[in-house]
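Next up: the structures, one after another.
The two complexes that follow have chain A in common; it is paired with chain B in the first and with chain C in the second.
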Partner chain A sequence: MNIFTTDFFFSIIRIATPILLATLAAVVGEKGGVSNIGLEGIMMMSALFGSLTAYWTKSWFIGLLIAMLVGLLEALLMGFFAFKLKTDIILVGTAVNMIGSGGTIFLVKVITNATMDQSMTSTTSLITKALQIPSVNIPLIKDIPVLGKIISGHSILTYLAFLLVWLTIVLLYKTPLGLNIRSVGENPNAASSVGVSVAKVRYITIGIGGILAGLGGAYMSMYYAMGWSLDMVAGRGFIALAAQSMGGGEPVGSMLAALVFGFAQALGIKVSATGVDSNLVAPIPYIVTIISLVIFAINQRRKDQKRHAASALN
Partner chain B sequence: MNKKNNTKFTIIRAIAAMAIALLVAFLLVFLSSEGATLGERFNASIAAMREMLISPLFKKSGKFSTKNFSDVLAGTIPIMFTGLATCIMFAANQFNLGAEGGIMLGAFVTAVVAIYVPIPGPLLMIVAVLCGALAVAVIMLIPAVLKAKLGVSEMVNSLMLNYVIMYFLNFLMNSYLADTSKGITQTYPFRENAQIPQMIENGSRLSWGFVVGIIMVILCWFFMYRTRWGYGIRMTGINQPFVMYSGMNVALIVILAQVLGGFLAGMGGGIEMLGRYNVYNWSALPGYGWTGITVAILAGNNPIYVPFAAFFMSYLTRGCTLMSTNANVPSQLISIIQAVIFIFFAAQQFLAGYRQKLVVKSAQEELAAKAAAGERSDR
Partner chain C sequence: MSGEYAIQMKGITKVYPNGTVANQNVNLDVKKGEIHALMGENGAGKSTLMKMLFGLEQPTEGQILVNGEQVHLSSPTVAISKGIGMVHQHFMLVPSLTVAENMVLGMVPTKSGALIDFKKAVEITEEYSKKFNLEVDANAKVMDIPVGMKQKVEILKALVRGAKILILDEPTAVLTSQETTELFKELKNLKTQGYTLIFISHKLNEIMEITDRMTILRGGRSMGIYETKDVTPQEISRLMVGRDVVLKVEKDKAQPGAEVLKVRDVEYVNEWGKKMLDKVSLSVRRGEILGIAGVEGNGQKELVDMLFGFNRPNRGTIEVNGSNIIGLGQREIREKHISLVPEDRMLYGIAGTASIEENLISDRAGSKKLNNGILFNMGAIHKESEQLVKDYTVLCKNAQQAVGSLSGGNIQKVVVAREFSNDPVLIIADQPTRGIDVGATEFIRKKLVELSRSGIAVLLVSADLNEVMELSDSLIIMCGGRIAAYFEDTEDLSDELMGEYMLGIRQQSPEEIRRVCHE
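Coming up: the complex of A and B.
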């Protein structure tokens, strides 16, 4: 059986998109010295409010905007606790993830009860085809024999995600703000000594991450799964952290890592279609994460040793 | 700052954190309440909040309820163990979040031993729980060794392991261990002699595992504050270079903390299984690991405070459950309350640490000034 069909490669990109968006959030965060492990929780919250707003306003676009706004607000709130109240950012992230898991189900029950007179535990019945984030066929490219079938016909968020990889590079390396983000990440004291407002830059850093994670959440509930349901993000926010460190913290490398996870998951889906217990297939991306982190660490160590050896000889 | 003021400060901060959490809870309850007018909704919310705060201890008539109280105590058993596990790992500054998967794996392994291994008498109970605990301790070697030897984030790895454990156990259940005569996925019943006896026979499922938990609390406290290795773990959390330069094996300490944490989480899973259930039927992560993190934060990573923090969390959880059955408020409110308390406590703790540093610093400056003055007078 040939599994490497055009459909398969198409599904890799489809699956990798939310991971990629969250990964970019992690990349910007880590560059600015903000380890945001709450991406998972932010995605859950954005997914919920995005899908609800889309249903209320009958517009996927407003849903998308609200998802981004919710992501931004939640990230800024995290920033308030982490930077202002000096809570360990890992614990802030853990709290956000708790709310993302149990809190969202509370909210969806309460909100649907108040607005629709019935308490729902998911919004999968609310997001119809018309409210789905639209997908586009790219003219010209869609006519290329094999490639066209793989890279054309995705949701606009997918193309936005890949565009954002480039924008992230521009932001980090070509703008004054990017310079500030990186300098605050590397040495906040030095940055502050030349007049950079460390707090402001950190808020911007975590805010950008929140917006990106919000986009990822919107993709999950308004395109990938058509509606919000409990724990639907299923660790993608965490996998993004792994992709970030596998990619060496650079946008392009991390994008490739995100695609590797997309590949692992797509492969899993293919394999389970042949009748293998899905419980045996579902953990593949998580195992791939652990293995690839190890490989990356060993590589990094070897590189460091080489560099040390070289500098010792000079 | 003297000790008295310090204690006062800590208590005030703790009360403030809880007050904020309750206020947030009240707002959310108010939003979900039903009623024609705002006043009606306000009264309904007050009633719901009272239900949440009082019903875990008292009956409707206002009398103390032993049953409700033992329910709360029974609820502390698993989170006491995950709380202890998290305490030890966090004390070494190892943000291992694997207690969640750990307690599930421990429960599963214990259940399998309790079903299939013919050991006579109460020995089976002990062997089963120990097997569960050891299994998790071994699994925790993965994030621990990778962190110690390669510097890979234990946090990401332990999170990934939670998912791997859950899916793998579900696979084993579906494919090999499920009792196929039942409609839902569950194992065959445990052997009679594997069941941990109950302290009170009132259906609360308050087993003697509670006492084991308290004993573990004392042992952990002794280990952390009265032994060389415990000191090493705490010091690694405070100042890792210091530990390294004073000649202790940091890598070993990092591994030890996580393996011990895994052992405790696994033990908690085993005890919960044999004390509360007679078949294994978990199909998703139970959430005790996350509550354990809250417990550890509330306890300030000190094992001796874990039972109190666990009781508090169990009380609130029970309160939310009772409220959801009697008032129209979903019980998942607990995760929001938990997160709010948690985040304010953690904030306060950092400030306390910072203040401590300031106190130490000013004391050092004082000493330095004294030493300088002494030198001058010597001349």
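Coming up: the complex of A and C.
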């Protein structure tokens, strides 16, 4: 039986998209020295408000914008706690993640109760096919045999995500803002000594991450699934942190890592579809995560040792 | 006459919120186009004075004039706008960025509105590099270039921001001698181009070589402004090094016994390839205090690190009572009954948020006396710590108080109470009384003498001349990672002579120095 069909590769991309968006958030964050472990929670919150707004406005586009806005605001709030009030950013992130789980189910009940006179525990009945983020068939490419079936027909957010990889590179390496982000991340004293506002750069850094995670959340509730449901992000915000680390913190490397995780999840789904006990299949993505991280860590260590050896010669 | 001076600092006094007086009524005049040295030992107030000139700190009293115009330097940005640039001792560079990127950080040239104009950045870098004859590789990443080049980048960074007055904070501290020679050539070149340089240092030969005039600071006060050509190194050393108040400590003549600490030919090259310890040999015997004097940064810290297992020498041997201690961990070293009063008490001496009691027993928490293998015997702990608090007159509410809430002197008493009470054979006391009140200082000094007379070997490292001269039975002076002198007796040593050895004007013969090994 062949599991490596075009469908399978298509699903890798589909599954990897939200991970990729969150990974880019992690990449920008780490470059700016902001370890945002709250991506998971931001995705949850954006997923909820994206789907609700799409339903209210009957527009997936406005839903998407609101999801980004919610992501941005939540990230800036994190920044306020972490940079202004000097709370440990890991604790702030943990709080955001808890709100992303418990807070969203609370909110969805309260909001639906107030607006629809019935307390709902998910928004799955609210997002119809018409409110789904549209998918597009790319002319010409869709007609290429095999490849066309894999890379055409995805949601516009998927294409945006891959475009964002390139945009992230441009942002980080070609713009003054990117230079500031990287210098604040590496040596804030050096940055501030030449008049760069460290606080401002950090807010921008975490804000960009919020918007990207917001996009990931919108993808989850308005494309990947039809509507929001409890804990639907299911660890993708954390997997993104692993992907960032595995990719060496660079956009392209991290994108490849996100695809590896997409592959692992797709494999899990595929294998369970063949009738293998789902309990045996469930760990596949996590095992792939652990193995990848170990490989990454070993490589990193080799590199460090080489560098040490080189510097010892001088 | 406003045209003559680039910088005038008048009657500058700086009192920190905790009451430390860093500068007292200091005047500094720097003429346009000169290289002006700011000299003084560590803690003399050089850095504070320069921080005020660069807007990092504000003076409590006094005024600052730049080119004859009174200014209020509220931040480095203001100082930069007045044409003042600073080359910090710890480089303010971003390692993963290129030299050119570091150069333009905060003032990035752009093209088509949004993107960095890298070509322009490289051009700017190369233009300045050529103009000032400071050779740098604009496209190399900062982490890949040698220290000397990093420093040039720092200088160029200040120049590209329009600095006409450059403050160089101990620029040679991290450089090899070739790099230093090169730097001096470049600095002289800057001077001929009309730039004004303030050169902070405590290295005499460097000062004599490149400066026109100098201001000497001692204990936060100015000892005057001198023309370099008019003063001798001896005079400078006398002005820089000297004792103000002498705190007498009574002590009998030492009766040295068997050798406890034996250090032979220890060499250490630091991670940047600079030799920090060069063939250091010494012995400390039972019942004597061997002092190590010297300006800070001449290898004392590295030596102490070796003795307490924080680092390993590249060469040489270190033995305590005949057994090697190189490569041992701190616990193993403590098991050999070696005690350390660390230089940085807040970092290595105590855990600030833990109680006095917990700090006191931290080196002996595993002893059978204080626990039964699972739980602490709180009664025994209370008893022991209360006794120590009493013996060492630690001023506190009770032994359960957080140690960080005590005054500096009482914190240090907690440290010495622990270090002195665990039956030591060797005590390494590194700056044991730095920054603490007179009462605690006297107490600790007396205790050190008392312990040495009871047969313990004491190695005392101190930048405080007063302290080493008063406490030591014999002493060595370190300069440039080497032992510059050994004195068997401190009785008739003069401050002037000490100063000359400390600053490298004099140097004893290897045979004279070898006497410290008592072979």
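The rule is short, and it goes like this: the second predicted complex is superposed on the first by the 311 of 314 C-alpha atoms of A that agree within 3 Å, B and C clash if a C-alpha of one lies under 4 Å from a C-alpha of the other, contacts with A are read in each partner's own complex, and residues count from 1 in each chain.
As a convention for this text, contacts are C-beta pairs under 8 Å (C-beta built on N, C-alpha and C of every residue); 3 or more make two chains touch, one makes a residue touch a chain.
The structure displayed is predicted, hence computed values, not measured ones.
When the shared chain is aligned, chain C comes close enough to touch A:Val196, but chain B does not. In the superposition on chain A, contact of A:Ser183 is made with chain C only, not with chain B. Contacts of A:Phe81 after superposition on the shared chain: chain B is touched, whereas chain C is not. For chain A, the partner with contacts to more residues, out of chain B and chain C, is B.
In the superposition on chain A, A:Val146 makes contact with neither chain B nor chain C. In the overlay built on the shared chain, the residue A:Ala95 is in contact with chain B alone; chain C does not reach it. In the overlay built on the shared chain, the residue A:Pro283 is in contact with chain B alone; chain C does not reach it. Judged by the touch definition given at the top, the superposed model places A:Ala114 against chain B, while chain C stays out of reach.
For chain C in complex with chain A, the touching residues are 76-77, 80, 88, 91-97, 101-102, 105-108, 110, 114-116, 146, 157, 161, 271, 273. Against chain A, in their complex, chain B makes its touches with residues 28, 31-32, 95, 97, 142, 146, 150-153, 155-157, 159-161, 163-164, 167-168, 170-171, 174-175, 287, 290, 293, 297, 328-330, 332-336, 338-340, 342-344, 346-347, 350-351, 354.
Those residues of chain A that touch chain B in the shared complex are 37, 81, 85-88, 90-92, 94-99, 101-103, 105-106, 109-110, 113-114, 119, 234-235, 238-239, 241-242, 245, 277, 279-280, 282-283, 286-287, 289-290, 293-294, 297-298, 301. Interface residues of chain A, counted against chain C in their complex, comprise 170, 174-176, 178-180, 182-183, 186-187, 189-191, 193-196, 311, 314.
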